[in-house]
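Next come two complexes built around chain A: one with chain B, the other with chain C.
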Partner chain A sequence: MEGDEVIQLRGVAKHFGAAVAVHEASFGIRRGEFFSMLGPSGCGKTTTLRMIAGFESPTAGQILLEGVDVSRTPPYRRNVNTVFQQYALFPHMTVAENVAFGLKSRKVGGSEITARVAEMLDVVRMADFAARKPAQLSGGQQQRVALARALVNRPAALLLDEPLAALDLKLRQAMQLELKRIQRDTGGTFVFVTHDQQEALTMSDRVAVMSDGWVEQIGTPEEIYHRPTTAFVAGFIGEANLLSGLAGDGRLLMVRPERIRLERRPPAAPDAGIGGTVQEIIFRGSTTHVSLASTAGPIVANITDGAALGDMRPGAEVWAVWEASAAYPVPATRDADDLDDAEPDDPHRTDATDPSNGELP
Partner chain B sequence: MAAADQGDRSRRRGGLVPYALLTPGVLWLALFFLVPMFTLFRTALSVKESRFDLEPTFSWRWANFTESISTYSSQFTRSFLYAGAATVLCIAIGYPIAYVIAVRGGRWRNVLLGLVVIPFFTSYLIRTLAWQTVLNDDGPVLSLLDAVNLLGPLDQIGLVQNGRLLATNVAVIGGLTYNFLPFMILPIYVSLEKIDLRLLDAARDLYANGWQGFRRVTLPLTLPGVFAGTLLTFIPAAGDFVNAKFLGGPNQTMIGTGVQDRFLVQLDYPTAAALSFVLMAIITAGVLLYARLLGTEDLI
Partner chain C sequence: MVGDAHRAPETAAGRLGRRLLTGWAVLGFVYLFIPIAVIVGYSFNDPAGKFNIIWRRFTFDNWAHAFERGPLTEAMVRSLQIAGIAAIAATVLGGLVALALARYRFRGGALIEILLVLPLTTPEIVLGASLLSLFIDLDQQRGFWTIVIAHVLFCTSFVALTIKARIRGFDWTLEDAAMDLGAPPWRTFSRVTLPLIMPGILAAALLSFALSIDDFIITFFNAGTTETFPLRIFGASRNEISPQINVLATVVLLASVALLLAGVAARARVEGRPVVVLTDTDG
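Presenting the complex of A and B:
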């Protein structure tokens, strides 16, 4: 499985003038996997996808598609297809004509085109809409057509550029499941770009977390959630407490808020903990959110059993306690040699903490 | 209760606003289009009793139409051929210009568009008279062609006649093309500019090279612009008489020349009116057919 990589990036970088969109990225995408590139806007994920598609050419490095260097190959000669963020359906063509576009470019025979278009419209459940124009479709329907238009060409990899961003929450969740189903049914390799960490965790076999043009970590959703290798990943994927001074050699100790208990006395042997002062208690339905101030930094605990808090009030002195296995040390900064390349005002290494902390007064 | 009443009243007022806004336009059309049309139609069916009779008498004379068509058949043919040729040339010259401005113009876009519009700062007549000077028998174009020994070959293929450019079909078609080119460039530019560039990315992503992307995406999406440009070029060109008058000779007269001659020189109002109506009818029929062929109602 390891050797069967459809796409390989070897030291791929992209500069726009003086600005660096992507620093040297090297990773592979395996056949049949659902691979996500996740990060905040401006992290380089879309640029990376556009380089794989061929819309941008890398400033340095190589992109291999099924073992062949395609770094300088124009998009119309690459066997990958893209689902664009705003779908980019051709407004003057019907749904069927849109789906047939790629097959016509490749001079596929007329009867085969008809058959494959019909088959693909079935897969995306749009067969009844074949004669419609895109303007007559809802956002979700346009999304399905965009998928069919790309997948009908049987690409080596399907590239999806935030395809769900334009949909409302309900539809987005439905389309997430739908996308997974289509990926299973077609057995294709999907490369998915998103800024929504929940979406990436839900759908992906592996996730590449990106920030400021750097690939921070690549791993399964469980790996990046439980064993983040950088403070940025820890803070960006879910909520995280990043405690300083507890892990040694300048590293931060990551403890997820749901793994923290609040107790009146210091923890005993297998457990660890730190004392703090309650700042705020917010009832959130299924959990109660308690923020503490401690010598290791701010701490957030999500308590499932609200009754266990008793009559706790802001100002109370308590212990935040966790099982030793719930804590995971992460480097406070990137590796030293990487730091040399980083911009001087690069904020992503040092002060990347749980973004939800910022919401608290 | 009072609030609901007020809301109701404002809605009713809102319902009247569009009509109020339409009124000036409708009045304008009625006064300066429908009334003159009616008068013109009456005139077209009238008879001029004598040479010195200025006001013709209305008499349901439908023969005015058939007579004017047969008398001016060659002018009709020429008008549509000239206008057609000028329109085709305007598309051939104007589309690439519009394309370059829209796609490659960058920050020069507005400057380039300004250059397209600049001729409008001078009167139509002056511009055409300037062309007369340019194409004159001892003007710069012919002198240049003579100097590089192209006059003979061009005479042979008919672009120049007996060493002259003026009083040829080429001159009139050239003048029409020059004068109406901006009316072709601007609507095509607008339709090109409206195209979502991501559609071209999508076409390239779906294995269409540059030419295929243009033919299958850009061109069909700009047909409404070409259609609008054609209307703005062909219709006035078909009715034009200025270019035929200044750049053409007796063998280049167009239907506009005929209308002008009958109205202003011979004071034969019935024939002039009938000619105008026939021209209008043919153009209307042509436009409807053209719209059907291009399938534009689907695109706009």
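Presenting the complex of A and C:
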């Protein structure tokens, strides 16, 4: 199973004095996949990336790169390359010199350097700018050069530390597609750090969701969206209603706001639902946002067909109704068992479509 | 140079004010540069006696016989040697101190910063006298090398503080990037860090050179019988002030201007965003 994992973390932890940046993290990154580490700032994602790059050494545990323990190997002897958040291009070198730097460090021959630099500048569409200095480039262009500078070394994995955060929205979306294209063209393994859940969902083959130094869940974008294993993941990835008292075992029942309908009468099986009082109705263009108070906690519904609401007013008694398959139970708190569940081949996954979890009120 | 094309139409009073301001600025520059102009000008004087202090007539003689005054020329050469050695030693020492202080947080860092300022704030006369007693205690004959030691002492502080101020805005991620690209620490320093902080280092070296060549008080205490350029001029001034003093001083002036221009050119080569914060315009 581990045969095709480029990077393996085995119980990797990082402490800064008394503060714990990363608790024991164990997971693998597969060859050729686009793997994201997603979480709010301070969740440990960047520290984890820096440990893989070699800028930080783990307090405990092992990091394996292509099967070899590199936990104590300095960054300049690791076959990974990083794209930094602010690009960190060398301002006193031209674009071509920047891209050639890694090859020169590794004593690649002169003619091969020229050829590979030219080829890589073609891949990122910066061939016309080879003689420019970084200060003469736009943010998006600097981004491409930073990519080329890292990829030209043919690293076992490319590490990207929030590389799109400094770009404006339009450029960021264009670069997301561009990154995916470059990953396809080069067939590389990309490890991507971001706090933007939309970005992670759009680009990744798999996502590791992190919080407070813990890896909460690892899975495909669909898995972490539809079948979160912790309340944090459910709340962090998109909007989620976390209803208490409906799932049993002290677990919460997650229903996405877009899966909720509002009806006048109780649902019939196989649908499930709960009664509540309308608090607020907010028109948002393509959807109408209705908030309810219920015995299971506050509920938010995003209704696409505003006309179906009729003359509903705050104070009205309605039923929030969902298809049984739209509800998914998640543990209310994280404990050791849940961490084990954070594997994509989670046996609990079958629970997701079990209608019995959605109890009628 | 003071006018601005985009300003509102000028009133007569405004025009007058602008001219007064320009005149004031010119006066300021005249004040700054008159002593220098006098030194350069009197290097072309043909004085009546031994004292080159009253203008008589223009001549190239002093320049043609610039190095005629043996002891003066020797003192000049000695001063240049001392300044060269002191500048190099102080730049290496002070530069390393500055890098350490700017790059790392460590125990005692704040104390070192205070200690660095001490040689600059201590009156030169105190520094000179205490160094002298130290050398006497050590039974050390005063001469060329005790002057060098004294100059390195105060220049190191200037260098460390100058370079530290210049690299305050340095983006240390660039070092991470270099190492990430396979460069071991030495290559990272020589290819990335050093070229980027070079303008600050050159400025500090020039400053050291100028401070050393100029120093009188500390040198006076620790020179023994060795004569530097300032000591020679001072010692001889009771008997004569020869025009060769002006000639050699002008040579030094031209040399420092040339070095300054070289420094500016070096910084212009390091293009891009200000990786080095310019806390002062070096003059």
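As a convention for this text, the second predicted complex is superposed on the first by the 333 of 361 C-alpha atoms of A that agree within 3 Å, B and C clash if a C-alpha of one lies under 4 Å from a C-alpha of the other, contacts with A are read in each partner's own complex, and residues count from 1 in each chain.
Everything below uses one rule, namely that a contact is a pair of C-beta atoms (placed from the backbone, for glycine too) under 8 Å apart; a residue touches a chain by one contact, two chains touch by 3 or more.
In this text, all values refer to a predicted model and were calculated from it rather than measured experimentally.
Superposition model on chain A: chain B and chain C are shown in a clashing arrangement. Of the two partner chains, chain B and chain C are each touched by A:R149. When both complexes are overlaid on chain A, the residue A:A53 reaches chain B and chain C alike.
Judged by the touch definition given at the top, the superposed model places A:F101 against both chain B and chain C.
Of the two partner chains, neither chain B nor chain C is touched by A:T230. By the document's definition of touching, both partners, chain B and chain C, reach A:P91.
Using the contact criterion defined above for the overlaid structures, shared-chain residue A:P134 touches chain C, although it does not reach chain B.
Counting contacts as defined above, chain A residues 53-55, 74-77, 80-82, 84, 86, 88-92, 101-102, 105-106, 149-150, 153 meet chain B in one complex and chain C in the other. Across the interface of their complex, chain A is touched by residues 171, 173-174, 176-184, 187-188, 191-192, 195-196, 269-273, 275 of chain C.
Across the complex, chain B meets chain A through its residues 196, 198-199, 201-209, 212, 216-217, 220-221, 298-299.
The touching residues of chain A, when paired with chain C in their complex, are 53-55, 74-77, 80-82, 84, 86, 88-92, 101-102, 105-106, 133-135, 149-150, 153.
Touching chain B in their complex are the following residues of chain A: 53-55, 74-77, 80-82, 84, 86, 88-92, 101-102, 105-106, 149-150, 153.
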